[in-house]
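Each structure below is given as structure tokens.
Shared between the two complexes below is subunit A, which has subunit B as its partner in the first and subunit C in the second.
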Partner chain A sequence: MKHELARYRWIVIVAAAAAVLPRLLPDRYAIHLAVMIGINTIVALGLNLLMGYAGQVSLGQAAFVGVGAYASAILSANMGISPWFAMAAGVALSALIGAAVGVPLLKLRGHYLAMGTLGFGMIVHIVLVQWESLTGGTIGIMSVPPLKIGGISFDSELKMYYLVAASVIVAMALAANIINSRVGRAMRAVHGSEIAAEMSGVDTARYKLQVFVLSAAMAGYAGSLYAHHTTYVHPDSFGFHYSIYLVVMVVIGGMASIGGAIFGAGAVTLIAEHLRSFEEFSTVAFGFILVAIMVFLPAGLWRGTAEALRRLRRTAPTPGEEA
Partner chain B sequence: MAADQLLQLDRATKRFGGLVAVDELCFEVQRGQIKALIGPNGAGKTTAFNLITRVYPLDGGEVRIAGAPTRGLPSHRVAALGVARTFQNVQLFGNMSVLENVMVGAHTRGTSGLLSSALRLRSMRSQERALTERALSCLDLVGLGGISRDTEALSLSFGQQRLLEIARALAAEPQLLLLDEPAAGLSSAETVRLGELVQRIRDLGITVLIVDHDMDLVMQISGEVVVLDHGVKIAEGAPRAVQRDPKVIAAYLGEEA
Partner chain C sequence: MIPSGDQFLQYLLSGVTLGSIYGMIALGFTLIHNATGIVNFAQGEFVAYGALIVFTCSGVLGLPMPLAILIAVVGVTLVGAALERAAIRPSRRPSVITLIIITIGASIFLRGTAMWIWGPDALPIRHFSGEEPIAIGRASILPQHLWIMGIVLGTMVALWLLGEKTQVGKAMRACAMDREAAQLVGIPASRMVMLSFALSGTLGGIAGAIVAPIAMGQYNMGIMLGLKGFCAAILGGMGNPLGAVLGGLLLGTLESLGAGLSPIGWSGFKDAIAFGIMLIVLLAKPTGLLGRGGR
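Right, the complex of A and B next:
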């Protein structure tokens, strides 16, 4: 069906851009940053489904990334299990833990849910630090082997880049499909009015849990990619700071926006990287940049920039052109 | 005939702390009728709606829908039994379009899950087309057929928002439609059209229970009226009889009967 394929037209553009990008990047370090942006995009997409669309805040999303990363690292580096299997296990474990903590946590609303997920994130961080025999404690786990499928080993920045880019595109397509479906509408209805959703026959508790588990699984997948990409996992990579960064990616990318995830992840990853030289002042600078974005582009980078461009281009408003 | 009783409240009771908001309320709604629930502010009308739809749990008594007790059911299961409602303070999904709002109303009429949605399987797509058709016909029915389907729900006028809520409720193809003050905030012309719409809905075979303060509307369209005051039923019967009831007059005028 022609109409059905038209739905995926954007993929051609994004895929073309993704294919060209590495040629424009100066060095391996830049490609590494692009991989990190892609990994963060996948987490931000999942978190945006949860926060932007279903209206449920998570301040502990880093924990699910950590679970995926550590599961992959422990299974492949310490136990010699095939990295692909380790990755699948990491995704499954993240989803499972998401389901287990989601059932009690999602009974909470608003600030209380934020506090609950915050606590969950801290608990996972403490476990990663303290369970030395399994996680390597504060030393972490080194020499995580690269992903390998058939004859291809994803052992270079560039190969990893293409894998991550493909993952991002697939994740975006699936997320867009979910949003525009019965399931997606039910999730958004929970955000719009929980009582009206219930009275429309939507089992709000079930859909909240579903989107929570989905976001956890996406975070777990991204975490696994991270472990095999950097070959090294450390507990502080998955602490409270990273959870906040993830929320910030969603907010500045634009709540309830699929395309915004790339921009949010890109902006935060690059800003965080470039502010490193400021050391402790980096947090201050980061805060200023955030405030500026929220003041000037409250709809997020993606939609905010598009709107600003439209306003610039439109010299006189033409009637009947709005919406 | 018991089979014709779509909704039964049997000594339904709700307390908020020391206040008895609804006190041993008993009434029935027959299939195919328009019945009104009226009373002064604070009489417990919306609370009664919330008991029927199980937004609040009952503190006593029972509510039955088509003979089946609703005790212990969550609200979405009550909806699945064929009960739809609108809200006194409009509860639209502000993050969705007009069409999507109505499509959520048809949620119980679909079955697509996460996987078939993510992959857009053929079954999901044909179901999606059917849901869209249904939603569009509901928008037509309430008179919003002329509005662009992609309009944001909250950008509609207040009167249109009330109609959109009704369209959303109808999309579920309910047996029983509960309308909570649908005429509040409407102009008199809009109210007249609303009355016609409610009668058309009844003619489609949907039973209606309506709460409203607009007495002209209520008396004109309802077959029967229940009057509440301070959570207690003080009168029930044909509109004319109820209007002449001294207890009702006293409740509205605040006199001692």
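Right, the complex of A and C next:
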């Protein structure tokens, strides 16, 4: 019981921190970064459920973010549809595509699933670039209108920050709920051993698909937020590189850990931002650090360090204990 | 859009050339996958380094082309071995996801280093023997195309000899077939793993060196080439060397025909051909055209 409630403590901590954070940030650019971290966290939380709990790899998650972003952009900017409806459509479309693609793809395992999702992601990117009449191709879509409630228009970094922060908290609660529910236990059974889970009567195919679709929907939602925040979408924001960044966020933070997802999203977003100004050597360092972490701390920085510390404490001898 | 016989022949010829390159890259994937079960995401980077080292040796240092190629191939072989030693060997009981991220991280590292050393621009490399097109029927190819096809063929033969006639080659095949059994008869499995990475580097380096005059050398040329080489490996059957080569040839031909025959404005979709084919194969027959039962 205590362990289960412990998951929710993260949400309280994050909510408190989120409320205070804007006062500590120096300028609008920093708030913008916080918004981007929040958006990436939402995707990472969904991907974390898929990879960390259900044990399925996706190297094409950026595609779902792109679907959500472009649906929002096309509907609200090019067709004058209300941004909220456009966002809902984006989420629904991402979920739909997730279901359509998930049914055949999730029959694959391991490296084959990874490459299948990779291929899917690449194809979506190519479609975004080539279908110019719909997506504007490499010109992208500009002037995406901001979201509005009543008279309030979410057109500033600060307002988007609060919307995104609230969304992150909801996403965290959702993730925590799922992990502790029957679905969550079924997922972890699938991750532990798919064969054993099947034998115990768990409908692994159904649960894998549910998590896949959920992660796609969350990614689509995040994509919509992105479109209405930056007011501009371009295909290259949703390609192979972004998919890799997302996986790195989940893995570096530590899979099967909600706190890890936030940490990973924050770390990678900030590093990627840094990479843009100091291109050359930073990429080298990023790759090096990534390999080092995966080799020596494969459980990720969050969990991995906690585990390493626990191991160190256990090997220290205590009086009366047999060696 | 119905092509004339000449156009068809032209697409076919460039397709076979392209396919030879894909085949070499696919073979590199297959080698490592057979020895370790790993998909090496850094395979494309081997190709890039092959091309870039040739640029430096031939274009900057002015060395004769055969020497430049030799240095490049040896260099990339060492990179392959170093990759295994530094990133694969030390990892403890890695999961599939961990291994994927390790090789992805390695590819990011290599790509970043390449950009650091050679800059972001595309660099030209001299054709091996001139740029006069050669007529075949009413189609034409460049001498470099012949070099590519010839060297790839020669490499295939050399690999076959290695596997059939040499101790090392036979040991590597034994390891790929059954690692534990191989170890029982005294074959050092971990060394075979390193050799497979090194040999994979050799193949990538050769591919890069021979395609460089046509494709130009650039720090990020490995991404697409690597991915498509992987598609070719899946198409031919992951784990089957002959399948890798055939998959490469088939993929190159289909891509060339697809790009050439597609209506105006749709040729940008040619990259989607490779991924589309890969998805179809993965979903319909994951073991590919010639593959054995999956790992």
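The rule is short, and it goes like this: the second predicted complex is superposed on the first by the 283 of 323 C-alpha atoms of A that agree within 3 Å, B and C clash if a C-alpha of one lies under 4 Å from a C-alpha of the other, contacts with A are read in each partner's own complex, and residues count from 1 in each chain.
Operating definition for what follows: a contact is a pair of C-beta atoms (placed from the backbone, for glycine too) under 8 Å apart; a residue touches a chain by one contact, two chains touch by 3 or more.
Owing to the predicted nature of the structure, the values given are computational and were not obtained by experimental measurement.
K.L.:
If we overlay the two complexes on their shared chain A, which of subunit B and subunit C does A:Leu174 touch? Say first, second, both or neither.
P.N.:
So A:Leu174 only meets subunit B here.
K.L.:
Would you check which partner chain A:Leu290 touches, where first means subunit B only, second means subunit C only, and both and neither mean what they say?
P.N.:
second
K.L.:
Should A:Met199 be classified as contacting the first partner (subunit B), the second (subunit C), both, or neither?
P.N.:
A:Met199 contacts subunit B only, not subunit C.
K.L.:
Quick one: is A:Arg185 in contact with subunit B, with subunit C, with both, or with neither? Answer first, second, both or neither.
P.N.:
First partner only.
K.L.:
Quick one: is A:Leu214 in contact with subunit B, with subunit C, with both, or with neither? Answer first, second, both or neither.
P.N.:
first
K.L.:
Can you tell me whether subunit B or subunit C touches more residues on subunit A?
P.N.:
C
K.L.:
Flag every residue of subunit A that touches subunit C in the complex, lowest number first.
P.N.:
Listed in rising order, the residues are 51, 57, 59, 104-105, 107-108, 110-112, 114-116, 118-120, 122-123, 126-127, 129-130, 240, 244, 247-248, 251, 255, 279-288, 290-291, 294-296, 298.
K.L.:
Could you please specify the touching residues of subunit A with respect to subunit B in the complex?
P.N.:
Contact set of subunit A toward subunit B: 4, 7, 53, 174, 177-178, 181-186, 188-189, 191-193, 195-205, 210, 214, 256, 323.
K.L.:
Where on subunit C does subunit A make contact in their complex?
P.N.:
Touch list, subunit C to subunit A: 37, 39, 86-87, 90-92, 94-98, 100-102, 104-113, 115-116, 223, 227, 230-231, 234, 266, 268-269, 271-272, 275-276, 278-279, 282-283, 286, 294.
K.L.:
Over in the complex, which subunit B residues touch subunit A? Could you list them?
P.N.:
Of all residues in subunit B, those touching subunit A are 53, 55, 74-76, 78-80, 84-85, 87, 91-96, 100, 103-105, 107-108, 110, 112-114, 117-120, 124-125, 127-128, 131, 148, 150-152, 155, 168, 172.
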